[in-house]
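I've put the structures underneath this note.
Common to both upcoming complexes is chain A, partnered first by chain B, then by chain C.
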Partner chain A sequence: MKHSIARQVGWRAFTAVATLAVAPAIACAADGTAPPNGRIAYVTTDMYWGVYQTPDGKAECPDGLNKYGPREVFAKLYPKGGTEIDTHLAREALKYYPEDSKDNFPMPEARGPIAIGLNLDGKVGPNDFTSPTGEKGIDNALYRVIGCSPQFRGPEGQFRLFGNRLVRQLTYNRSMIELTGVDSLQNDDSVQVTILRGLDPLLTDAGGDKIMPGGTQRVDNRFSKRFYNQLQGKIVNGVLETEAKDVSWPWAVFFGNTNEYRFRGMQFRLQLTEGRAEGLMAGYADVDSYYRTVMGWSTHHLSYGQLDPSGFWRKLWQHADGYPDKNGKMTAISSSVNIYMAQVYLDRGEPNITVSQSR
Partner chain B sequence: MRSYIYSALLGVMAAGHAFAASAPAAAKEQYVRAPMPPGIQVIVTELEGPVFADAKGKTIYKWPYQSLRGGYVGDEKGRSTCTNTVTTTSAGLFSPYPPGLVLPHLDTRPSCAAMWPPVTAPADAKPVDKWTVITRPDGAKQWAYDGQALYTSVLDRQPGDVLGGTNREQLKQMAGRYPVGPAPKIPPGFSVVTTFNGRLLVNADGYSVYASDQDGPDKSNCRGACEDTWKPVLAPALARADGEWTIVERAAGVRQWAFRKQPLYTYNRDITLYSQQGSDVPGWSNVYTQRVAALPKPFQLIDTQKGVAVADAKGRAVYAYLCSDDSLDQLSCDYPGSPSEYRIAICGGGNVERCLKKWPYVIADADARSDNKLWSVIEIEPRSGRLATAGEAGAIRVWAYRGSPLYTYADDIEPGDVRGDQVGEMYGQRNGFMVLWVRDDFSHSET
Partner chain C sequence: MRDLMKGDEGGRRRWIVGGVAAIAALAAVVLLTREPSPPPTAGAPARVRLMTGTQYANSIEYMFGQSIDVGSAFAPLQRVDGLLALNASQVSVTMGQMQDFQRAAVSIASQVMSEGNLDRGVPSHRDALVPCKPAAATEPDDECAATFVRKAGRLLFRRPLSEEKVAELVDSAHRAADSLDDFYGGLQVVLESMLINPQFLLIEDTTEPDPDRRGHRRLDSYGLASRLSFLLWNSVPDEQLLDAAEKGELYTSRGRKREVERMLASPRLESGVRAFFDDMFGFDHFDSLSKDPQKYPTITGATLQDAREQTLRTVVDHLLHKNSDYRDLFTTRSTFISRALGPVYHVGAAPGWSPYELPADSGRAGILTHVSFLTLHAHPARSSATLRGKALREVFLCQKVPPPPPNVDFSAVEDPDSSLKTAREKLEVHRSNPACAGCHKITDPIGLTLENFDGAGQYRTTENGAQIDTSGELDGKSFNDAVGLGEALRNSPALPTCLVKQVYSYATGGSINNRDPMLEIFEQDFAESGYRVVDLLRDIAMSEALSRVVPAPPSKQQLAAPTEEIEILTVSNDTTAGGMIHETAHH
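Here is the complex of A and B:
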């Protein structure tokens, strides 16, 4: 192979994934000492949807990247213009009623045997991928949908770029985990993982760009109840693995968004150190809420990455592979998020507040 | 007059006459009294505070030059681009849509100046203070304030109406018109912003100031540990008391501003501008130069993942609809009687029935009423959203905020759901739905 895997997936992602894979064989940075009172918390600093990439994209996208975004579709459908109602408004309508679409523009899917993610169902099936480090049975059907979309590919894909940047910038995205009952950051067969949301800016270095461990976050006890959750987990050779559980996760991609992803059977696999937690957050993304959340991105911004709403909606449902409804229709799609967190101290000092006090 | 405008006028008249009444007696914002041209007056409005109005009491607006994704629109200082010419095609101001698309209802479409009548000046008008006179493209004279050409809105009918636009950030139209008013009477180092709750007093950087119910009139009892959290807003050595503003001597040479005899503080834990977080601390509250009236029954407040929202009687989040078209005129399409195709595209994919089901109006009970101008009960024809004529069959009574109907969203199912927020073009600000937010703790950008 001409290029190393590290170059293909990016050094940070590679480091995290590779470390997870070889964790049993290496000594972790954590010294194995229990954190004070058996508690340690981490705050999210970076997140993006797991997309395995080769430098030229030809291995996973032999048909090329998606070319038909809202701008291109509009030009194709209405070369002579028309009325606002029949063109512009008709296209915006399809964003919210994509089932009405009669479009059939090509939208290439990611192929190849490799994808980032976890084996969510514990099986090795014919549609499963192999991880960049060789783990079989990886479930990430979402990768087929987004892997050849310029919106989601790094480093410049707009959804990836802004989605990740706003993880840092918006308090709305200040998701955190707290580990309790930790006897050792190296090995502990039972820890509890609590998902919380903070209220404060992230601690940066003097340059203002690198997020540093050791910051403090006030825990929001009032507006974040829908995101609160608890998972059982274990730490093996410095890697946290949790049970699978349904969670809602706040992730706004624009200022003022109230976006949230609803995962079915979400689980963490994170390499832990005293200062960082890095790895994967994987599960079955509820298709309806996933589509809504991505469509929280304006048509203007969707155009930058050639992501046409109705074509995207069709592909999501086509590849949904989990949580069938009573009619057998799959309602969720296997997925994976690369997640990076920094250690943080929690301030629980604020009392719960009643609504009446806010006015 | 063209039916498009007539419909708007009819609607606002109905809303205003039938249900709105004067606001309850409460403190009003004081303002700096500066020279004004003859015929111009100041009216203290419920939400926007003091605004300039013409001789008939109609609120005065400006249309500042602003950038949109596809270009600039509005008035540069010293000139008006709002003319009597009817625009027929879109301007392509919002990518990815190109210019040249034919705008709806050209047979009834008004010109910019028909919707926004210029505040005309007599031929011999002379500049006064910040008021100047500009020459319109047709040669007529028009008043300008701080260089911005001034207009009234055909949507405003009664003194105190401010339906043409708002300075409140959340419901501000992109490239819209905004009411113009005199400067608030506040010392240097303070500012006032329009919020859902009223005119919020903040410091010059935009951070909220607070008052404590443990303080006496012109006396601070915040000492020691209290001062670690609450920072007194200090007055300069040369500052003097004036009207509602007094000075509390905390110690020799340490002087603290007080407003309406309440010593003022900032909250050390505030990280957002215009924050209400300090009001969560028992005994502390934000300070307003004037408050809006209480929510009418049956509305209530709910907690959501972003903050506090207005909800209906069943606790479902309530939404406003915002719309302006893609013409160089930037005409509104969100008031009763405006082209409904914009809204129906978003709420129903072009299908009215789906729209009514997915985004139902907030129905008003038979005895529902409001005692203020912000909230009203109006009768509409539900399919088009226009105001109903007297006795019209099929008309329904719905709640309105600032003259336009309110909605709930059928996909909001669990308590606190706000899944419809920002549904529509450009995050709901362009042609879409926005929750009526009372408080937003999470949207600010930090770095």
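Here is the complex of A and C:
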């Protein structure tokens, strides 16, 4: 009759919650009061590639949006059809061996002075953009490649709509950051940012659509170590800015396809509140792995947004602007991701490990 | 020789004196240690109660195991004097309820007799639940059918079946098996009929003449077994308890004590205690409770479900596992937390349920500050000091707060543009209106103290930008916050008095008059035990009053006209099984 509760729930859960419960649970104030124990964590709820858009798209895409996707290219190349090997399978093979492609179908680039992103190299160069808020020297060469592709534009582009939805749906994509050493969410000249990955579904509102702060995520210490990283940062007027580091960021589109993006010199700029962290994750995307990760999407999805693999490969290398190899060939392309996060409690499930337990 | 005779006489005298002294000492011990007889008027009327959904589910689980799915919940019962379990002296069963019972019976009987499907991972229930194998599965087997009917019938009807009834059911099974070419199909038909039989669905107090009180009646042994079982386990008696009833042991002090102690030590006691407090706290309202998703986006169905579970877990842990003082439920910081509750309490939580200590500076302590009480007694989109104050008085102190007058003006409370920012300011209008003040003065000083929690039970210090004043008082005791309110309630003499009344009412299945002489006795014993609920249950279960039958006063229900198609009228004192129930169909 008198069962020990600790025995019923297991020592692991007991210690986890006992640890979780150490700190007072009152939320920190938005006026800069430090979170309890100087720790706060956020989980990613939404992500999409930074594409600056005007309502009609004419300012950034005066040549219109890209018209040549896999279906259109196929129709041009094989108006009379052909054998399965020479047509469908040949094009499918080119998706994975784009170096062999000799296509040269037009793929309009985004122009104009404005782009979303950060000044990654600290310089203001002739090819740099200005941010929508007027910041000069924005490095986002990827925007030139994808800015006029319906695939990446909102609100209905496949990468925008499904890519973002899958961030929420797949626990594989449960990336998180934990800030430690936080004296104030308004201003702190030194905080540590740890990138982690969680294991649990996101906490939704009563309607099941909006992601809410206050959920709990178990930290995956088993399969996710390659994604973990630590960055030094600071908080200025409620905005977190971090140093740049090479990171791998999980962003699968299907469970059978464990995609991740490799960024060189990735840095965060996030507006922090006690419940949310929103802003940019910007860095140089490794071109080869970026292309292959995007190609994790099936050809019919690429067709919906007129993204032809051959043209995309060619443009990525054409605009690559960072991390030259020994021959001077650029291997990475500056890029930016809009990222939205919600405050979360971390459950490490192990004794003697301090957890981020409160906002 | 004479000396010898004298010696013999002296020895005999000494023996006589010694014997008398021993008998006197023994009588003194017996007199001093025996349970005092209850007052002559102690006892409860014989009643018929409709089994609650939880009792039904617990009974099926006990008889056939957890893998039998009872299905969806039954229609809620009518609450009487704060408890669902008290809709007693006259029971109405609506056609809707009958359909629920019929549906459940079909499903349960089908599962019990299922052959299983190993390819789909469904086990064969019949092999485990039918205590014999028929000679052939495609033909009737009266002997095996009789074995099943006797065993299942004894548990379902809480008493042995007469041989006539067994023969009738076996005959039904035979005919059905013949027609279906399936022995188990025949048993399924019979089990179905047993599951909708009033002898199963209605908990009836069967009585017999009381040998200790000429001209009075008491529960018979099986009636007493059911009363004990539904009180302590919220379920049917088990085989052992029915055996004790059959041997008449429940009317020997040793036999009754042995059975009561066994029941108190059983894990099934947890079901009984959960059921009582779920009923007393009115937690059935969680079944239809919802919060405005715009106003409280983090409050989901899972949050509310877990809020109910959190409090029940706290109650069971506090009262049973720790055997702690009932009154400390209102001050304890020990509780449990789940993922769904984490956002409301601002804390992370491991998967499942884990022990949790409410932080000292959280503004919370005791079950009054649980999300369950705070959400249940609030509006969908705002808190309600009045509802909370009313609930506290009615649920925990057994005090009646009258309903508001029909012409009450709610405009000050509901006007969103009002310059009045806090609930205290808004309710001041009611407290200063003589028509409203009478009630608001007894509810609001309590409820306003809980204004630190919004309608979703989330902690706050301001409302509409204004600082919330949480000072209040309960029957002359002042406090500054919800923790203080919990302490004041804990120390209120009415708190244990109310619990005793509710448990005793629950045990007897009907409302108990405040002047019932047993209340004072139980209350005194409860206090002497340090307000241990297990001791209170033992006290009531062992009391002679629990088995005594007294005439029923006329009830409101008896005066009211039936409202639905089927009405099961009040009981007679016929002791034959099933003889108490008369069904009348109304068209």
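As a convention for this text, the second predicted complex is superposed on the first by the 319 of 359 C-alpha atoms of A that agree within 3 Å, B and C clash if a C-alpha of one lies under 4 Å from a C-alpha of the other, contacts with A are read in each partner's own complex, and residues count from 1 in each chain.
We adopt the following convention: a contact is a pair of C-beta atoms (placed from the backbone, for glycine too) under 8 Å apart; a residue touches a chain by one contact, two chains touch by 3 or more.
If you're wondering where the values come from, they're calculated on a predicted model, not measured in any experiment.
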Ask   = Should A:204 be classified as contacting the first partner (chain B), the second (chain C), both, or neither?
value = both
Task = Of the two partners chain B and chain C, indicate the one touching more residues belonging to chain A.
result = B
Inquiry  = Looking at A:214 after the superposition, I want to know if it touches chain B, chain C, both of them or none. Which is it: first, second, both, neither?
reply    = second
Message = Quick one: is A:89 in contact with chain B, with chain C, with both, or with neither? Answer first, second, both or neither.
response = first
Ask   = Between chain B (first) and chain C (second), which, if any, makes contact with A:345: first, second, both or neither?
value = second
Message = Going by the contact rule set out at the top, does A:130 touch chain B (first), chain C (second), both, or neither?
response = neither
Query = Can A:194 be said to touch chain B (first), chain C (second), both, or neither?
reply = neither
Query = Taking the two structures together, which residues of chain A meet both chain B and chain C?
reply = 200, 204, 218, 355, 357-359
Request  = Please give the residue numbers of chain C that touch chain A in the complex, ascending.
outcome  = 265-267, 269-270, 291, 293, 296-301, 317, 320-321, 323, 336-337, 339, 342-357, 359, 361-362, 459
Query = Which part of chain B faces chain A closely enough to touch in the complex?
reply = 69, 90, 94-98, 100-104, 197, 269, 271-272, 276, 279-280, 282, 301-308, 325-326, 341-342, 345-351, 354, 414, 416, 418-419, 421-427, 431, 435, 438-447
Query = For chain A, which residues are in contact with chain B within the complex?
reply = 69-71, 74, 81-85, 87-94, 96-97, 100, 168-172, 199-202, 204, 208, 218, 220, 222-227, 250, 254-258, 260, 292, 296, 298-300, 303, 350, 353, 355-359
Query = Can you list the residues on chain A that touch chain C in the complex?
reply = 1-3, 5-6, 9, 12-14, 16-18, 20-21, 23-27, 200, 203-207, 210, 212-216, 218, 344-347, 349, 355, 357-359
